[in-house]
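Naming follows writing order (A, B, C, D, E, F, G, H, I and J), and every chain is counted from residue 1.
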Amino acid sequence: MVNALVMLTVARDKVNAVAEQLAEMPGISEVYSVAGRYDLVAIIRVRDNDSLAELVTNRLRQVEGILNSETLIAFRVHSRHDLEAMFTIGTEEEG
Amino acid sequence: MVNALVMLTVARDKVNAVAEQLAEMPGISEVYSVAGRYDLVAIIRVRDNDSLAELVTNRLRQVEGILNSETLIAFRVHSRHDLEAMFTIGTEEEG
Amino acid sequence: MVNALVMLTVARDKVNAVAEQLAEMPGISEVYSVAGRYDLVAIIRVRDNDSLAELVTNRLRQVEGILNSETLIAFRVHSRHDLEAMFTIGTEEEG
Amino acid sequence: MVNALVMLTVARDKVNAVAEQLAEMPGISEVYSVAGRYDLVAIIRVRDNDSLAELVTNRLRQVEGILNSETLIAFRVHSRHDLEAMFTIGTEEEG
Amino acid sequence: MVNALVMLTVARDKVNAVAEQLAEMPGISEVYSVAGRYDLVAIIRVRDNDSLAELVTNRLRQVEGILNSETLIAFRVHSRHDLEAMFTIGTEEEG
Amino acid sequence: MVNALVMLTVARDKVNAVAEQLAEMPGISEVYSVAGRYDLVAIIRVRDNDSLAELVTNRLRQVEGILNSETLIAFRVHSRHDLEAMFTIGTEEEG
Amino acid sequence: MVNALVMLTVARDKVNAVAEQLAEMPGISEVYSVAGRYDLVAIIRVRDNDSLAELVTNRLRQVEGILNSETLIAFRVHSRHDLEAMFTIGTEEEG
Amino acid sequence: MVNALVMLTVARDKVNAVAEQLAEMPGISEVYSVAGRYDLVAIIRVRDNDSLAELVTNRLRQVEGILNSETLIAFRVHSRHDLEAMFTIGTEEEG
Amino acid sequence: MVNALVMLTVARDKVNAVAEQLAEMPGISEVYSVAGRYDLVAIIRVRDNDSLAELVTNRLRQVEGILNSETLIAFRVHSRHDLEAMFTIGTEEEG
Amino acid sequence: MVNALVMLTVARDKVNAVAEQLAEMPGISEVYSVAGRYDLVAIIRVRDNDSLAELVTNRLRQVEGILNSETLIAFRVHSRHDLEAMFTIGTEEEG
């Protein structure tokens, strides 16, 4: 699994709408609306680099209301949980 | 469930050690070592605000090697997955 | 009680109007118009996380004239005063 | 009443100790340990400018562990509450 | 006397006009057009906090061409000169 | 008269001492200890560019405790007051 | 060979189009669409300073959609590969 | 091939030494010492994500003299050249 | 001679035109179009402060296409060359 | 002629010494000690890229007291003066 976090600044009146739109996108497992320096953080969990590239450089760029986005691609994930199993079962149709 | 993301800048020679130490902490479900402006991002999933406060303002501050941390507390989580179920089953002993 | 501070940058000609509008909002106990890097700081005192989320991600985003806002959610409050009592008495109808 | 907010960055291992030390200081009504870009925010409520100057440029500067502080002095306070009464009753010995 | 410095960024074609307009305002003793990070710096010398608040949060905000302003309120003034006398004589009608 | 403002960041425990030391320096008419992004602002009023250069690039650099300084040299001064007269009378011995 | 890297911020809906347009430009050997603080990074390999100046200060500035660009000119290149040979063979017609 | 650019700030007296050390590392095809905001930029060309992770989160962090590094992982590469062929031939032993 | 450097950010499509326009201005001896954080750097060499003020706060502000400018006034110039002679001979008509 | 400007931040007590040392270096035609965001700006005029690389990445890095330097290499120079002639006559021994 290839993981990344996308830190998003969104037009003030579109934050909730963008959050819901992203959460429906294959490849995005969860979207947090957060306090602090950013508005939203999307967690991406996809099969390979091409899926990641397609999601970030294509689908995400068509979402209206995103003012700025900065993607933090994960080198490694450290967890007690078997995230791959947890998310792959529920996400066969994922990118 | 109360969620937060902690954006961490870590001493260059301690990044992997800190990642592993955090991933073992009750309340931290996963730690990403990332490319970009931060070194690590820890995802916190805990039962209530007190658990969050105790984890961030106490346990996290005792971890050696963290140079700077900025916590983004989630107002809401948007997801197709039942994250609460996925993470609570595997995390009864969580903070 | 859940507390937070919202640091606000406001359109130059709307600072006083926004301050008064926010000060009337249930859940906002006081609004300071300040010198320095920000224009306004709103102190939020509400019953629980949902009230905080509803106030910040919904009602605040409908206020015209706010150019940028950054919410600092409080982990803990340290005070000689019984803030909960002081503000809950006067704020039964609060969010 | 003269009001100000002091945004504080504190040495990681001293945040809680500094918060408690500040909360005991006459003139400081509450101290929030916050998530986000700062570590602590102290709310100052004092009688006049001299008390404010003495607190910020003298007493605060003797507190160990504060790395950086930025004071936002309030021009005006907007509130449904009678803050002057609420805090003056409980704070006769205040600066 | 209450003193403050206002650091101003001004639309390129309005710097001189804004400087002259501010210099005529009661409460503003001098306006420097400066080289460096800011365009103008206004020195405020007024009788009390209310005059300062009225000048900065009201009159200054009606001046066209000011893109950004940051007010540095003085806690104390250190000088060999008797500034209060020097500026009060010439400034009876001051705010 | 050549004017400049020096924006100073000072070691926390030396702010008052540095302010007093600068206020005694020929060429510095007043020093403000301020709230906000800087600690002190010194107003320089000297006869010519050489006096300014000598004060800023020589005498100021020998003052202990100054962490960072940024000089804003004034192109022009706009004022209802005859600042040259006000400050020259009291400042014959100035740099 | 004269080398430089151009760090580009591009309008969200034009990133892929700009990448392809730049990759076709004589003198640009490769264009990376990247995660992180920038959108694209173009690697320039040209014969001499004039070709570099012509490419950056003329041709690049006519590409629509580039919001900001910062050129890092290389003093030296360190590599195990004979980059000059590798890129000159395929790039006779280069600028 | 997985590509990334590492933007490096290096101790002033170690820039050349670090450049040469990095250029010898399998997986790093070239290192530019640049003018501008960074000191060095390393171009990484490796077979897969694990090689990238191992190079950046392990080998690079053992190089003395690197003060700060920020990795820009490439989603896609746009080029008229067959970079994969050009660099794979000469780089069988690569990471 | 009074010297200053003006660091300029210019609209992308006007950089060359602005450079040529400035280079023709009495008082500006040379204009560099540069790689890096700025677009242009103009070197000012004029007879006195008034000429500098007139050039920067008046003539320069009428040049179309300049988005931002920051003037660095020189306290002193250190050089093996007799810059005053070199530039005054060719610049009798200078401001 | 290859031109560049080096923006320098220098240890407070070494600014004058560094300025004089740089001004004696072949290839550096003048050094300005400036007001504002930087301490010194060195103007480099050398014959070719190698001389520039040798000066910036080697000789400059051995000068004690320089905390940070950022080189702006010139793509083009626009001037009414024949700078090449003016500086080459007096600079035969230049790098």
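One rule holds in what follows: a residue touches a chain if its C-beta (ideal position, glycine included) is under 8 Å from a C-beta of that chain, and two chains touch if they have at least 3 such contacts.
Note that the structure is predicted; figures quoted are calculated from it, not measured.
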Practice prompt. Based on which chains touch which, give the shortest step count from chain B to chain F.
Written response: 2
Fill in: Least hop count linking chain B to chain G through chains in contact
1
Worksheet entry | Farthest chain (mean CA position) relative to chain E | H
Worksheet entry | Copy pair chain F, chain J: interface residue numbering same or different (half cut) | different
Worksheet, complete the sentence: Taking each chain's centre as the mean of its CA atoms, the one lying farthest from the centre of chain C is chain J
Worksheet item: How far is the middle of chain C from the middle of chain F, if each middle is the mean of its Cα atoms, in Å?
Response: 39
Worksheet item: Any idea how many Å lie between the Cα centroids of chain B and chain C?
Response: 27
Worksheet item: Per the centroid of Cα atoms for each chain, what is the distance between chain A and chain B, given in Å?
Response: 17
Fill in: Contacts with two or more other chains, residues of chain A listed in rising order
4, 33, 35-37, 53, 56-57, 70-73, 75-76
Discussion item. How are the chains arranged in terms of who touches whom: line, ring, star, complete or other?
Written reply: other
Worksheet item: According to the definition of touch, which chains form touching pairs?
Response: A-B, A-C, A-D, A-G, A-H, B-C, B-D, B-G, B-H, C-D, C-E, C-F, D-E, D-F, E-F, E-I, E-J, F-I, F-J, G-H, G-I, G-J, H-I, H-J, I-J
Worksheet item: In the complex of these two chains, what residues of chain I are touching chain E?
Response: 4, 53, 56-58, 61-62, 66, 69-73
Fill in: Complex contacts: residues of chain I adjacent to chain H
35-37
Worksheet, complete the sentence: Per the touch rule, the chain B residues reaching chain H in their complex are 12-13, 15-16, 33, 35-37
Discussion item. Touching residues of chain F toward chain E in the complex: what are they?
Written reply: 3-5, 19-20, 22-24, 29-38, 41, 43, 70-81, 83, 86-87, 90-91
Discussion item. For a test of understanding, state which residues of chain E touch chain D in their complex under the given definition.
Written reply: 2, 49, 52-53, 56-57, 73, 75-76
